[in-house]
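In what comes next, subunit A is part of two complexes: it sits with subunit B in the first one and with subunit C in the second one.
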Partner chain A sequence: MSGGRHILWLKVIWVGTVVTALYLPIVSVILASLANTRYMRFPHRVWTLDAYRAAAADYTTVTLHMISLQIALCVVLVSVLLGTIGAMAYARYDWKGRSLFQRLIVLPIFFPQPVLGLALLLSMSALGIAPSWKTAVVAHAVWIVPIVTLVISIRLFGYDVAQEEAAFDLGASRWQVAREITLPALWPGIFSGALFAFLLSWSNLPLSVYTSGADTPLPLWLFSRTATNYSPLVPAIAVIGTFVSGLIVLLLLAVRQLLARRT
Partner chain B sequence: MRRNPGLWYALPLIVAMLLFFAAPMVIVVWYSLMPPRSFALTTDIGLQNYRSAFADGYGRPLMWSLLGAALTTLITAVLAWPTAKILHRHTGRWASLVTALIALPIFISESVRLFGLSVFLMPGGGILAGTLNALFDVQIGTILNTRLAALVGMIYIHFPFMLFPLLLGVAMIPADRIEAARDLGASSWAVLREVELPLAAPGLLVGGLLTFVLCLGANAEAAILGGRAVTVITATIEQRFNYAQDWPMGAALTVLVIVVTAALVFPAVRRIDLNRMLRR
Partner chain C sequence: MALPPPALTLTGLTKRFGSKTAVDDISLDIRDGEFFTIVGPSGSGKSSLVRLLAGLDTPTTGRLHLRGTDITEVPANRRPTAMVFQSLALFDHRSVGQNIEFAMKMKGVPQAERRARALDLLRLVRLPEDYYPRPVTQCSGGERQRVALARALGSDPEILFFDEPLSAIDYRLRKTLEVELKELHQRTGKTFIYITHSLEEAMVMSDRIAIMRTGRFEQIGTPDEIYRRPNSRFVASFMGEVNILEISRTKGTPHFADLDLPAPQAPGAFAVLRPEALSPGAGEGPSFDALVTQKLMLGSRTQFHLRAGNTALIAEVAAGPRSALEVGQTARFGFDPADIAWVDS
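Up next is the complex of A and B:
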């Protein structure tokens, strides 16, 4: 077939274009961070890392990262806990209300995120609670917990229930079964769930807009500084923030490797 | 046989969702029924906010958001379909690398990526305009601060949300089904319409729903790329809450968005069998 080669090339060009289009803006951020002028004139007359030095010296950088980290870690904790338990109901057990439960639990994913945040803001203010990073955790969790539940459930669908039954028949206690059979089977799902939760929370903008109050997480700060008071500090902090999240993910992967080697 | 503990495992999630998802929705509806510019929840309820929502020109931003969401959903679907087919067809190291490369940007904050798109498109000293000027001495204009730019931003941000459900959907098409249709003399168009689309429909539905709903709430695209060319509903709502200090009006507009969303989501979620999609 002579057409085969042409089609293959077309496919390569198509996929290449898609990937390039997705990464051009990201590369642009990096390029913008290497300038030293407020008004960008690309190609820069002076290429410099000044913005990174300024970001490293600025205490705001640390504060922003700490707030985002606080929120993300709490979201990971909450969503792994609720998601693991929820996944048991979603995929492991067959029970009467399961099909309804499965449908209702995904609803928050299919809701506009600012609407979720606003609804929470109004509820909090009706209860007299001031918005802060803690309320942002709640807002993030409402959207992220269902996703983590689905991620863990995917693993559970392939889980062989007979293993548990066998362990019980051999005289294992409920706790032993949970620790030796169920959790190890769930572990890869829990790990990917935690990774998803961390990354989705770290990068989320719309859920934080109304709910974070005076504690500004990284994406929200970047959003407001892009609109007003722009300087190369903004793309520099954007690059630093993305690198930090990448490092944290690598760290988590390394921990998993270590744990896997031990057992 | 041991007692089935499914409901007990479901309980924590159900309680959390009632408290932090269902209850806030009720509160928003309650707020929307309060007299204009009040900050407290009372029993003095009425529909005046909804009446002024339709009378005072709040319909336009809602229309823009709906139009933007519909266009984005359509265009991302058209772009994602061939991409999903290619990625599904070719397995192996390259395909997984490309899939990972496409997934990665989801985890970079949309404020970062939209900012990047805006410096890329900026006129004069922007990345694209500056490069063309320096290399080829070509001057180009910009689409920045137009409705088109906001739409491009929405497509850019939401493409992966369409692609990944669609990949699950495309995986549900048995290869022999396409072969069989071809052998029976079906044209490519007929195969697409009669075989592939119906079989991949669940993925298309999930991707479409996710994209549409996320776009309905999207604000950053219009704010960063659209300039003042377009006001979306979330921007109007934010403006009601922050500057106008008219919470009940903001709540009423929010309820309208929720109603539109629910009208789409409830029937779709009833039809989608996520179990079948995830259990491959």
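Up next is the complex of A and C:
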């Protein structure tokens, strides 16, 4: 049927356009990192890996990644812990003001991040706290905990809490109930939540700008060096950063795979 | 003849939630091997009561004895009882087999033995053996019921509790499962304590029925006693459609207030008359003229909705020549006073 063939072609073109639009900027960054000029121009007169050599030699590269990683891991820990407790509170208990609290907790997500960052900075200076990577963790958490709570809640939707009582009734101890029933039900949500928390913190700029103080996370450095003092070092470090975060996500996936096989 | 000790003895069992008393001073013996059903409307405290019996909640006051041993403070996981929950509460990330084996796994029973026992239980609840590895999420409503039952039996309990497990099942399947549950009770010889809001369901399965209302038992008896000799309008109305006639004593001699008929011997304030006790034609008993307002065919019986004066009544007649009446006709209806159950409240 020729109509079907037309539709197939339209589908191919459509999907191709979307994929190109998604990946073209990433490819351009990789291309930009292979130049040796201070101005973005294409095609390059000289193709070189100099920028990567400079990045590898520069201690800043490690520092930037370590700070971002430090923040992201702390945010993952805090938001998964609080998000799990919050999601369980929704799933398990029917308390007064439950739906109001549910709305209140997602409100920070709608608040523009630069304003939120500024507000947090002002509050911290009022309290006499010097901004550093630790205050950035707090700032990220304010924005990310609600998202993680939401993600875990969604995965927990439909979880019948009576399962825990049934297990207890069938002779399981409190600890066995947690291990056999509660954790397996929570685990997919915790995993998605952790992934969200990590990626949102790793790439966050507007909150870090105000709250990280003298410590510079990766996106902040990329932003300031692109605005002033650009060199191919910037896209090179951006590419390295992408690989590092990709590696960490793969690591998380591998851990999940391993845990899934064990049960 | 010495009676065996009761399986479960409730002594002044009370549960309060704040100022609300859900279970109000209940004392009762449940015999070994009995199918005991507690019937009540929602909010009557029947679920709160069964949670106390299962050990999922502790009573505010009162004691609970299992074959003479005080188990009031023993938590659910150390009681030799198991519950089939209203939501069934199947472990949905596990297979049918893993669900059934759960209690045995917690006890540390070796895998091979667990599996053999699980397959036995599958047969007992009439599920094919190849359901063993199937995820419970792939089971139909009726199959899930059977898995929940097999899982509860998997802990080899002395007493099984059922918290309205059939309430979400459609009528025909419910009827099948009721009969199967009764047969299972007879085969296993275990004590079953069953909660439901349907007296009809209770009638089919139970040895004894307790009607519960606001935390107390209104009446306890065999299905026959509950049906024939309800002790209050509340119990009588639970059975579905029933005629309740108030007795008036204002004119000196007692009479049926609404029908304006004398009631010479009236030992109660209300007369409960089953629809099948009311029939067309005047017999030796009291009779009155009534208008047929509705005629419903119920298969083997025909139901007539009647109006006598200001009173609406229901009569049921076996299909046949006596059910030839049509809507709009007026006919004489009568009843035998011996069929009346007298109640005071």
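Here, the second predicted complex is superposed on the first by the 242 of 263 C-alpha atoms of A that agree within 3 Å, B and C clash if a C-alpha of one lies under 4 Å from a C-alpha of the other, contacts with A are read in each partner's own complex, and residues count from 1 in each chain.
Going forward, a contact is a pair of C-beta atoms (placed from the backbone, for glycine too) under 8 Å apart; a residue touches a chain by one contact, two chains touch by 3 or more.
In this text, all values refer to a predicted model and were calculated from it rather than measured experimentally.
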Put the two structures on top of each other at subunit A: do subunit B and subunit C fit, or clash? fit
Using the touch definition from the top, say if A:I67 reaches subunit B (first), subunit C (second), both or neither. neither
First (subunit B), second (subunit C), both or neither touched by A:D169: second
Three-chain overlay, vertex subunit A: subunit B-subunit C angle, C-alpha, nearest 10 degrees: 90
Considering only the touch criterion stated at the top, classify A:D160 as touching first (subunit B), second (subunit C), both, or neither. second
Touch test for A:I144: subunit B only (first), subunit C only (second), both, or neither? neither
Please work out whether A:P184 is in contact with subunit B alone, subunit C alone, both, or neither, and reply first, second, both or neither. second
State whether subunit B or subunit C is in contact with more residues of subunit A in the superposed arrangement. B
Look at A:V209 in the shared chain and tell me whether it touches subunit B only, subunit C only, both, or neither; answer first, second, both or neither. first
Can you work out, in whole Å, how close the C-alpha atoms of subunit B and subunit C get once everything is superposed? 6
Dual-contact residues of subunit A, meaning touching subunit B and subunit C, are 168
In the complex, the residues of subunit A that touch subunit B are 11, 14-15, 18-19, 21-29, 31-32, 39-43, 82, 85-86, 88-90, 92-98, 101-116, 118-120, 122-123, 125-126, 138, 141-142, 145, 149-150, 153-154, 157-158, 168, 199-200, 202-206, 209-210, 218-220, 222-223, 226-227, 234-235, 238, 241-242, 245
Quick check: in the complex, which residue numbers of subunit B touch subunit A? 2, 4-7, 9-10, 12-14, 16-17, 20-21, 23-25, 27-28, 31, 39, 41, 79, 82-83, 86-87, 90, 98, 101-102, 105-120, 122, 124-127, 129-131, 134, 156, 159-160, 209-210, 213-214, 216-220, 223-224, 234, 237-238, 241, 247, 250-251, 254, 257-258, 261, 265, 268-270, 274-275, 278-279
Of subunit A, residues touching subunit C in the complex: 160, 162-163, 165-173, 176, 180-181, 184-185
Mind listing the subunit C positions that touch subunit A in their complex? 54-56, 75-78, 81-83, 85-87, 89-93, 102-103, 106-107, 151-152, 154-155
